[in-house]
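Two complexes, one shared chain (subunit A), two partners (subunit B, subunit C).
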Partner chain A sequence: MSVEPEVPIVQVEEVRENPVLYKIISSDNHVFTISEHAVKLSKTLWDLITNLGLTAENALDNPIPVENVNGKNMETIVQFCERHKYDEEEPEYTNYIREFVLPEWDRQLLSIDNEELFQLILATNYLDIQKLMDYCCRVIGDMAKDKTPEELRIIYGIPTDAEDDALERSASDSPGPSG
Partner chain B sequence: MDQKVSLPQLPNVALGQIFRNLDFLEVQPVRKVCQNLRSFIDNHHRLDSSLKYVSISVERGKFTVSYNFSDEDKKLSVVYENWPGGCFVQSQINGILRETYLEKQDSLEIFCNDFHNIWKNQKRELSSFSVEFFGENESSDFLNQCSSLLDNHFQIDQLHLFVTTSNQIISILKKVDPRCIVINNKNENRENLEIQDLMELNQWRNAERLFIRSFAISAPIQKFDHFKKVSVFFRTASWDDVSLLKEVNTTRQTCSNFEIFPEVSSRSE
Partner chain C sequence: MATTFPLLMLPLLVLKEIFKSMDLWSLVNLSVCSLKTRHAIKGFPTNVYVGARPNTFTISQNAATFSMNIEDESETEPSTEIVRMNRMAVRITRKQNEHWIIKNSVILDGWKLVMDHLLNTFQVDVNLEIVQERHLFEYLIEHPTKSRIEELNVTSDFINDVDMKFYLENLNTGELCFSSNQNKTFRFNGQFGRFKVFTCSPAEWITRENFLSLDCEFIDLERTSLTNEDINMFLKKWVEGKSPELSEMRVEIERIDLIKIMDGIEILKEASSGKENNASFHVASELYILNKDGLKGPFATAANTFMFEVSSDNEDDN
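Here is the complex of A and B:
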């Protein structure tokens, strides 16, 4: 048995605030704990929590199942929300090119392969986390700068129109009489 | 196991957000990646192309186009040229040179697709549009395309045409709205310019300035009196014309400036 003093899991400011914690279960049954301020960044989760009537007392006893998001994405999402839970609200963007600078911490967090990034965008879209959506889209958008269509096709893993058609044909064609 | 996802399968809200990070020129290569992205961009993400100057030169099987944008750091120029069995495209975007050979493609068709996509997204006034023709009979295919090619109306300050035959003028002029029309005869032979059809156009009536160089014209002088500034070459001018001009000049409130250079005729009228 270890004699080390017990280290609190939650961060100092959480203790100070006596935070409410929620439990989330991913599609592959991983369990995550997230603070109230962090979970509020997800409109979908916060609506759910409000509708379920979860309170500080019963939150940890009622884990929220999220069937559309796997553990890997949920881990990134929880990290992101905890990191940004005290951020000030940003003004609405116009239609023009964004001038915001992507913080280095977030650039690191989103340094994953494109397929994973697309999956993360789908999860983010489902959970409705505007800031994470902005950041993911910035990373994807930046990749497109100064590229040819051929280079983009490879970067974004897109088949050519011809390949796409062939794929669709082979998927929809049922074996029939030759002729 | 999650299903494989690629860019075109993302929801529209995400695609819109991604492309908001790109300017008009940066979005163009994405448009060419696949049908899904092209239709998304054309339907949901149309940016103003913000052109300032555009110039085209038309040769046999070869089209050179140069776009200058309101943002002076942005520049695009492209050469489309028919080579045996296909089309060679050389583009320079903000100084970056790219060359592609497109098998079994035609330079006019590729040029028209690219040009139309940029032209149709112009939303504000264009400072200058210039078209230069090389050769006389090589431009007919291009001229046939003009009506669909220039199918977007916005004000143009100056239209510069460098032509070798008069039919090149009307095909373009009837599709644009210039304040100032400048027509240059590349043959520099002062041949007669058939101007009757041009004078029927709204564009003729709406323009404020007219310059016709190296063509001789003969037309009633009244047809010119709405221009604030005119520089043309009449082969002959009657006394009636001259006195009318004088009258117009003295009665008009606006400052007008007619420059007429009649040729010294051996016949006395």
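Here is the complex of A and C:
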């Protein structure tokens, strides 16, 4: 596994208390260091680490390439995981997802452009980070609060039935691969 | 201008998580944006409870409530916006975010349009409260979504015999509640639907045969023409293990005679004592009967009502 030498290593947070660190390479070749406790929040990454047999001794010599996530999103994700690595498990009650209060630090972290938020939630889904998924969903769900259907159509880019019909017609009219 | 968030382009599992995080009002608003948003919400069943009356809907989920009234569009207050239900443009007047007035030239059409939208958007438990609008009940039981009717409440000064028979035979879930006067000559010779709870007042029309054929969890009959002997037969049936669903029964008859009610049934008595703050105290003894499966059936009377409750503690536990 080779890393482009000119790419800087991004130290998101210095981790003193946990000696086990891993390296992750984003799709645009940025390298991130992440602690063991933090990386465990990502089911995908932790499964990968376990399957690759990475240990405290060889972890830093074997960076993990993540081709579906760019550096910008990876930076946010690493910051999030480091911040929440020692959190207790969330209570499992039915309405938790509707009722929890998004902490101010996380609200700031997720105050990003809609396009970036869209890419971030896709990355979060790919890396299977439940807590960040809950937080992103809360931010996206909150966009709908106290909005009229017409406002929702704009916020979420929802086409009208007529526009959907027109799209479907044009898709079915367009020639297929053989046509 | 801020960019849009392309909600419908998200993977389905992510979309599901977002819907789970939305409150009821947001989901209702989103459902009337387009057929596609309605389908998307329907794809991840969200349970809501709908209280439906002939021109009102109360939609609730946990502590949130959303209400819709159907009004003739000729009413003076103009509509404020248009929403989409089943591809149709529906004019509404928004009172608050959680209260809409739906305008329609025909109230019944408006009712069906809203009910159809709700049934096609959410996982709905319906409490239908009607006076004489049997067609609303028929609409619900024939709706292709086969949503659960949690409760059918018929409150009317008078129900005609045909409608009465129809309700008794065709409600197959939840609770059937009649609080209305029926024709004094009404008799039911059909087969009861599979409703779990049956409350009826007045219940003069119920014959011994009707009473013995009821197979519900909860039965509450007021002002019946039943007799002590009828209750005795019902209890003997329970003792033989033939009313396995029963958990509670209250029957009001003209005059209670416990000797006749318990004729041929062994009555057991449980005298118990309790302890509180290190002081023993005596608790009134409890009379009960047992069925062949070991279930206990404590009973009591109050005025002209016989009360019977099946206890989950069987004798072995005592």
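Heads up, the rule we're going with is that the second predicted complex is superposed on the first by the 134 of 179 C-alpha atoms of A that agree within 3 Å, B and C clash if a C-alpha of one lies under 4 Å from a C-alpha of the other, contacts with A are read in each partner's own complex, and residues count from 1 in each chain.
Note that in this section contacts are C-beta pairs under 8 Å (C-beta built on N, C-alpha and C of every residue); 3 or more make two chains touch, one makes a residue touch a chain.
Keep in mind that what you see is a predicted model, and the values were worked out from it rather than measured.
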{"item": "Partner chain in contact with A:Gln119 - subunit B first, subunit C second, else both or neither", "value": "first"}
{"item": "Which of subunit B and subunit C A:Asn70 touches, first, second, both or neither", "value": "first"}
{"item": "First, second, both or neither for A:Thr160, with subunit B first and subunit C second", "value": "both"}
{"item": "Touching partner for A:Ile140 - first (subunit B), second (subunit C), both, neither", "value": "both"}
{"item": "Partner chain in contact with A:Pro103 - subunit B first, subunit C second, else both or neither", "value": "neither"}
{"item": "Where subunit A meets both subunit C and subunit B, residue numbers", "value": "95, 97-98, 115, 118, 121-122, 125, 133-134, 137-138, 140-141, 144-149, 152-153, 156-161, 164"}
{"item": "Touching residues on subunit A, where the partner in the complex is subunit B", "value": "70, 93, 95-98, 115, 118-119, 121-122, 125, 133-134, 136-138, 140-142, 144-149, 152-153, 156-161, 164"}
{"item": "Complex contacts: residues of subunit C adjacent to subunit A", "value": "2-11, 13-14, 17-23, 25-26, 29-30, 32-37, 62, 81, 83-84, 87, 94, 97"}
{"item": "Subunit A residues touching subunit C - in the complex, by the definition given at the top", "value": "95, 97-98, 113-115, 117-118, 121-122, 125, 133-134, 137-138, 140-141, 143-150, 152-161, 164"}
{"item": "Touch list for subunit B against partner subunit A, complex", "value": "2, 4-11, 13-14, 17-23, 26, 29-30, 32-35, 37, 93, 96, 98, 100"}
